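These are the structures, in structure tokens.
Next come two complexes, and both contain subunit A; in the first it sits with subunit B, in the second with subunit C.
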Partner chain A sequence: MREEIIVRVGAKILAPFIITFALYVHFHGDYSPGGGFQAGVILAAAFALLALVYGLDEVQRVLPPRFVRGCAALGVLIFAGAGVATMALGHGYLAYNAFAYDPAHPEGGQHYGILLVELGVLVTVFGVMVSVFYLFAGRGRREDPQ
Partner chain B sequence: MISEHLPILQVVIPLLAAPLCIFLRGRAAWGLAALASGSALAISLALLGRVLSTGAISYALGDWAPPVGIEYRVDAVNAWVLVIVSTIGAVVGPYALLSVEREIEARRIPLFYAAWLLCLSGLLGMAVTGDVFNVFVFLEISSLSAYALIALGRDRRALTSAFRYLVMGSVGATFIVIGIGLLYSMTGSLNMADLSELLPGVWDTRTVRVAYGFLAVGFCLKLALFPLHLWLPNAYTFAPSAVTAFMASTATKVAVYMLLRFFLTVFGAAFSFDVMRLDLVLLPLALAAIVSMSLVAIFQENVKRLLAYSSVAQIGYMILGLSFASATGLTATLLHLFNHALMKGALFMALGCVMYRIGSVRIEAMAGLGRRMPITMAAFVAGGLSLVGVPLTVGFVSKWYLIVGALERGWWPVAALVLLTSAMALVYVWRVVEAAYFRQASAGARRSGEAPWSLLAPTWALVLLNLYFGIDAMRTAEVARVAAELLLAGTGR
Partner chain C sequence: MLLTLLAATAFGLVRVRNLFAVVMLAGVYSLLSAGLFTVMDAVDVAFTEAAVGAGISTVLFLGALALCGTRESKPVHTPILPLFVVCLTGIALVYGTMDMPPFGDASNPVHHHVADHYLEESEHEIGIPNVVTSVLASYRGYDTMGETTVVFAAAVGVMILLARGRRRTREDAPGEGSASPPTGGRSTRETPR
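Let's turn to the complex of A and B:
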């Protein structure tokens, strides 16, 4: 597909919109269908599309496998760390009220808390999805998939 | 302030350390894993102490009050299980350093410790939570990481045995989640204490009974009750030594705990024993497991596999205690959870030392090892005596309670069978001892020296615990008794 100009330009145009849509799905996840998991999959799909059209090596120059694996770990840290942060603020584990900006309405913190943990989900799902894609796409190319 | 958060910290510390391991290298990852396992032990001991003095602790996640929110609820039963899991984690943690460096490629070591810590946090999570869906989530965390850990074994057969475990384990997990789903559809609740109050109203529905069946099969698969044990021998045989020592002493124990928790606390002892006759279902399976698996163990040539089959037989003892449907029987079950973790941990760790030095754990390869590795083999003998149930070891204490439980019910043939199978354990332990002490050394054994102290020290720590709690069983028996009474009484709320 590397020689098909329409496919190449089409993928290049689509990719930023797919990434934006992933962020849209994430930031609306707390009060409409969507959330971190779906957003992570959509985000990974953007890079899978680019890899299909431009080749795996091009995409791995932007997203090295080590970085992707780091993302998978970082997301868990964000999620679990959000809970530790609420504990440090004197609340229970994952008690998002701790994030409230207005003490009169502690439930406002729930929005931020959900967005934060969903961000963790997004990063992990993105990392795992791209890693899985790399492993399958890279099969038979090299001895070492790392 | 920290102390009120102990139930969640029990899970979160290993859970946070796991992804951090990925960013570290080699020994740093090991250091973090060992530190996290050690702190988990400190937390679980603190929890057990508090629970025994002040009663159950409840922790509401996210400040959402139970039964709507997820509740972590620690009472004498699961505090006991937490102590078992974290003790083994804290002992095998330091042991893992050299054993893992020898058996696993360097670039995979940080990933190994990440999976290790995930497995630990999953097992601790299953034990600490009071929410049935949370149980399923932690079950998957611990199982998925366990499959990865087993697949890291040096032998290529580790891959197929991990895959077989994955298939069987997923079937078990699916059965469990179907059971939980059916319970939720009947009661609208996922909180264990809440379920135990709501379920008596719907006892007589087919849905609840089907849920009971699904949960029974699911948990029996996870705890490897005969004849659902087929995944276990290969998984234990081909896993890395440290993984075998850890998994054999923790994973099936937590599954036994889940079985007790669901059938005695959530459904209630009355429903399980009087309506569903769980005791009559489990009794023949437990006896079949004990006899057939002890027999199979006698004919194994690979000592790791021999001990794996013996583990299935020992799980039979635990389930046998449950099938007595009495406080003494349950005390025996709960005691044996701890005691079996100590003895199998010590035995598998001694085998890990042998693996480290001579690269094989087949009986013929271990010939003459008693002179070359005297400290390692002494640990093996002590662990073996405990497995047989010789007085002054923990094995004797569990068997004592088991036989008393059997006699209380008037089932003297069962008591005789327990004694007979102890003799069978003597046979398979003796085969190893005979090879190690009374045969000419093999070529590999002649070259080898004693294992390094960083492997021997944790192994002997467990051996000494075997002896200590075998001599002074008051403390363990008391906790097990309190926990057994709590299980039979229901939630204790």
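Let's turn to the complex of A and C:
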């Protein structure tokens, strides 16, 4: 698909909007449908689109396979780390009230806690989806002499 | 209407022998399911279905097709025994639903265990309008953490499976090269070098 100019330009124009939309889905998940999981999938889809159009190598220059594998593990760490952080602040595991800046309104911390753990979900799902895509897409080229 | 389209798509899925068409129909099926979920006010589920089912998994299926060709081989067995098993399972499942409470009844137990509390109190306790998010990330935070770990574990499994194949083909590349299945015509992912 290297010569299809409409596809190439279209993908290039769409990709930033898809990535922005993924961030919107994540940060607006409290108010509208969506959340970390959906955002991670959409983010991965943006890079899958770029890889389909521009080739796997170009995308792997931006997102090395090692990096996305690290993302998959990092997300779980963020999620579990949020729980450890609430414990360090003297609350239960994953009791987000610990993040409240105003002790009179403990539920204020829920917002940040949810955003943090959803970020963990986002990073894991993104890393997993892109890694699996790399593995599938990279297999067909095994016979290349190189 | 949506259900009719869904059934038509499923029928097409079974009949069509061209795997490329099957992948596309599977994507259509996911998109129709997403529409159905939206009609039933389950927008979060619909969102996920549209993104995963119609988006990513279609791409992954295409990646698999590029490896194994796009024609489905003819079945070698007669479909009588499978048909019998499927019918029997279907009857058993329908029989199982006899004991279920009526669909959509507001007095069903599932709507009165913790759902009332979540719907009424989450505005105070969590302070965000989307109840799905507050249940998912706060009330059921442990579950979501487990799910995240499961996703991670699944990816590790896929990596172990596929990465091992890669090493073996590299070791005995000459023999493997001729034995591997020919790549299909629609291998969009194969970048020319």
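Everything below uses one rule, namely that the second predicted complex is superposed on the first by the 140 of 146 C-alpha atoms of A that agree within 3 Å, B and C clash if a C-alpha of one lies under 4 Å from a C-alpha of the other, contacts with A are read in each partner's own complex, and residues count from 1 in each chain.
Quick note on the criterion: a contact is a pair of C-beta atoms (placed from the backbone, for glycine too) under 8 Å apart; a residue touches a chain by one contact, two chains touch by 3 or more.
Note that the coordinates shown come from a computational prediction; the quantities given were computed from them, not determined experimentally.
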item: Partner chain in contact with A:15 - subunit B first, subunit C second, else both or neither; value: neither
item: First, second, both or neither for A:83, with subunit B first and subunit C second; value: both
item: Touched partner set for A:48, first subunit B, second subunit C, both or neither; value: second
item: Partner chain in contact with A:7 - subunit B first, subunit C second, else both or neither; value: neither
item: Chain touching more of subunit A, residue-wise (subunit B, subunit C); value: C
item: Subunit B versus subunit C as contact partner of A:137, first or second or both or neither; value: second
item: First (subunit B), second (subunit C), both or neither touched by A:73; value: both
item: Contacts of A:111 with subunit B and subunit C, given as first, second, both or neither; value: second
item: First (subunit B), second (subunit C), both or neither touched by A:92; value: first
item: Contact residues common to both interfaces of subunit A (with subunit B and with subunit C); value: 69, 72-73, 76, 80, 83, 94, 96, 146
item: Complex contact set, residues of subunit B against subunit A; value: 1, 5, 8, 12, 15-16, 18-20, 22-23, 59-63, 107, 114
item: Subunit C-touching residues of subunit A, taken from the complex the two chains share; value: 1-2, 25, 29-35, 37-38, 41-42, 44-45, 48, 51-52, 55-57, 69, 72-73, 75-76, 79-80, 83, 94, 96, 107-108, 110-111, 113-114, 117-118, 120-121, 124-125, 127-129, 131-133, 135-144, 146
item: Partner subunit B, residues of subunit A touching it in the complex; value: 69-70, 72-74, 76-77, 80-81, 83-84, 87, 90-97, 146
item: Residue ranges of subunit C touching subunit A (in the complex, touch as defined); value: 43-44, 46-48, 51-52, 55-56, 59-60, 63-64, 66-67, 124-130, 132-134, 136-138, 141-142, 144-145, 147-149, 151-152, 154-155, 158-159, 162-163, 165-166, 169-170, 177, 180, 183, 187-193
